[in-house]
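Next come two complexes built around chain A: one with chain B, the other with chain C.
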Partner chain A sequence: MSTTPPRPRAIGLVAATLALLRKDLLIEWRTRARLNAIIFFALATLLMFSFALGPDTKLLEKNAGGYFWLAILFASVLALGESFRVESENACMDGVRLAPADARAIFLSKALGNTLLLTALGALLVPVMVALYGVRIVTSFMDLGLILLLGCLALSAPGTVYAAISSNARARDVLLPLLLFPLVIPALLSAAKATTLVLQGDPMNQFNSWLGLLGGFNLIYWGVGFVLFPRIIED
Partner chain B sequence: MNKFIKWGLLVLALGLLGAGWWLGLAWAPPDREMGDVQRIMYVHVPLQWMAMLAMFINFVAAVAYLFKASWKLDSAAEASAEIGLVLGTAGMITGAIWGRPTWGVYWSWDPRLTSEAIMLVTYTGYLVLRRFVEDPEKRATWSAVVAIIGAINLPIVWFSVRWWRSLHQVQSSPRTVDPEMVLPLRVSAFGMLFITLFFMAVRYRQALAERQAEVALPDALPGDVPMSASHNPSKVA
Partner chain C sequence: MPPLPAPALALHDVSKRYGRRWALARLTYALPAGRSLLLTGHNGSGKTTLLRLVATALSPTAGRVEVLGRDAMADRESVRRDVALLSHASFLYEDLTAHQNLTVLARLLGIPSPQDAASALLTRVGLTQRSDSPVRSFSAGMRKRLAIARLLLKAPAIALLDEPFGELDPQGIRDMERIIGELKSSGVTVVLATHLIEQGLTLCEERLHLQDGRAVAA
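Coming up: the complex of A and B.
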């Protein structure tokens, strides 16, 4: 009936998150700079552990879960820092902030993007770990996949908050690990323990308790990040 | 704060600490198992209690800052984190000195030691962040966020590490406290409390003065004292 032009609609949280995530993934797909960098970094880390320990296969096999997660943790520092460095070029962050969308969508999209990247990295590292450290997956691939996903989620939520802070501070390369490493100890501990159980069998049925801890950590930090993130990027 | 109250606090604190430590060294009985070594408890335990108190004040100030921005809350957060870190470090050193003769090692991966170490690293990161951000408003907001996230992590660390240890072996030292040991502990704890409050008051006023010097427009945040009031700093504290 009326001929007024359609007014711009405020976009919902989910739609905004998906749009931002799509943008980040597109940038990632076109350059592939971040994924390539962290893959080679993580591979080098896994390799370095075996050199640092010498050719003691028993020791490597026993600690494989821990080394696997340390490689992902070290690579995550690069990935997280880079995810906000992209936005600082050409003041892109200001553009994203000016969009009529919920600021929390930025947190969700960045954290989900980092999770996807780290999970992909972890999936690529599993066969390398199996080959280098001589382990085998005893319980099931499903368990390992679940732990990988939950662990990467747990690294990404606080990591995204801290990367947003440190990307604007001086000495950001020092600041991010300094803030992140002590924080993710519970997540790292439970992910490494659960991975070890997957690789060496779980006679005492402890897997689910570690999974529960990891899930609780995720709930807390995705919640806290979701609530507090808009305060970080406000200007 | 009134000058008399401030220096009175210091005198009271030193008096109580002196009395508490004298009681602890000379009056209280030696521990049955550990002997005289146990007397370090009257230094170690008050230090740790006050470190906890300072970290808790830091958390409260950070939450309050996010609800209502004010330089006073930011200064309180900075002061409490710094003092908590000093007290916690001193507590850890005294704990290590105590641990060597009783456990045979300076350090063990006991849940309490581990969570304490993580707490110290967390607040070191917090203070490093404060040094690395020049804009005072951003520094205040970001450090409040980091303080909250860090404080939430501490109970998780405590429980997760306890959980982890319980799967292996627990090296704990449950100590029941003799009534004759309670008095010196209590006196020295109050002494430590007053000296903490004294440090906090001094450091808070320094931090507030720094904020006021940094901010070009003193009224930039609501609820703050304007620059003109800074000639009367006793109102501020």
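Coming up: the complex of A and C.
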């Protein structure tokens, strides 16, 4: 076997994205640090809402969709920050940039990795929400799954951009939520409203409007992230 | 007379500023392809900054860096394909094994058999026994060996080595000298920054001494 590897060749955006996503998932699988942290954090958040509101089950039922998405949003800050902490250790982000990897592939892999993680978290939180808040799924699981996926995509795209920006800042733990929370209000509102419709019924057929808003938000922020990310990590 | 080949590396009035401090000031230099350069100078003299500029990890504040006839900033991606940097930071993922670290890079480089390429390089740097251990459990010397394997995986035209002998034991230093010799004999242009001047002089034909970001006579 030759000990000299063949000369590198350029690989496409999709192949680079998959290679980087595979690496991120492998690191996550080996440590499970991020997954464990966000699961316990989100469960504690759901639990805290139920304690804070006391035995008023009607209020819990009415607002369950909002609490569910707040738990995911708070946990997402941990997940997003951690996804870039891995890269700052030993200047791994420099190693990936100089490999060279397409900066847009870095964005896509990080944002998709965060989406997968948050969607898995959301799927885990649904039965907990049902048990804690006494709600039930009135329309369909498919609707809830769709909202969960679109909502997590909407948190991940701007979240990945801001996590990259704040990763080199001294006060990164404060900076990320400060930048992210105001920006994702439309996505949070749409996801919470659509989830409430899934849990309480949709007599006025509003579900698709909220879904459309969430889709539009995703289109804008995935596009902006894709275009801006190279400038963010190079400059 | 045949035309002179483009230099492997050409610096045209290159300056780099961090805040108010000039790390490099109006540096002009050319290194012919296939030659090796020893970079010397005290701590903070600008050696690492120069290597990072050539590797395109940094952009110059003023001036132009040319690598194999291409502008390092305008043609960044293709320059990165030809240049590899052994840095103070290892670029290694602590939670992945030695083998996985190399496989990740091999996939990014589009190497057809990433697993085989990773295994072959681990043998070459003497880390076969620890190929499945996470980098977190490695000593500083072993990390350096793995970092050089990472550099070799790129099969670069220009190898930038920042303190390659640091943290290595005597056997490790001999191995590193052997690897640098192999790189040179295969036509790779080597730029070596080290405080071990005697060792560096035996390996390099050219020398550039930096002081406060300027080239001065050694």
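Just so we're on the same page, the second predicted complex is superposed on the first by the 227 of 235 C-alpha atoms of A that agree within 3 Å, B and C clash if a C-alpha of one lies under 4 Å from a C-alpha of the other, contacts with A are read in each partner's own complex, and residues count from 1 in each chain.
In the analysis below, contacts are C-beta pairs under 8 Å (C-beta built on N, C-alpha and C of every residue); 3 or more make two chains touch, one makes a residue touch a chain.
Predicted model, so just to flag it, every value in this text is computed and none were measured.
Using the contact criterion defined above for the overlaid structures, shared-chain residue A:34 touches neither chain B nor chain C, since it reaches no partner. Residue contacts after overlaying the shared chain place A:228 against chain B, while chain C stays out of touching range. In the overlay built on the shared chain, the residue A:101 is in contact with chain C alone; chain B does not reach it. Legend: residue contacts after superposition of the two complexes on their common chain; A:16 is shown touching chain C, with no touch to chain B. When the shared chain is aligned, no partner comes close enough to touch A:110: not chain B, not chain C. When the shared chain is aligned, chain C comes close enough to touch A:92, but chain B does not. Of the residues of chain A, those at positions 234 touch chain B in one of the two structures and chain C in the other. Note for the complex: chain C touches chain A at residues 55-57, 59, 76-77, 80-81, 83-85, 87, 89-96, 100, 104-112, 116-117, 120-121, 123-124, 134, 150, 152-155, 186. On the chain B side of its complex with chain A, the touching residues are 66, 118, 121-122, 124-126, 128-129, 132-134, 138, 141-142, 144-146, 148-150, 152-153, 156-157, 160-161, 163-164, 167. Of all residues in chain A, only 158, 161-162, 165-166, 168-171, 174-175, 178-179, 181-183, 185-186, 189-190, 193, 206, 209, 213, 216-217, 220-221, 224, 228, 231-232, 234 touch chain B in the complex they form.
Within the complex, the chain A residues that touch chain C are 1-11, 15-16, 19-20, 22-23, 26-27, 30-31, 86, 89-92, 94-102, 234-235.
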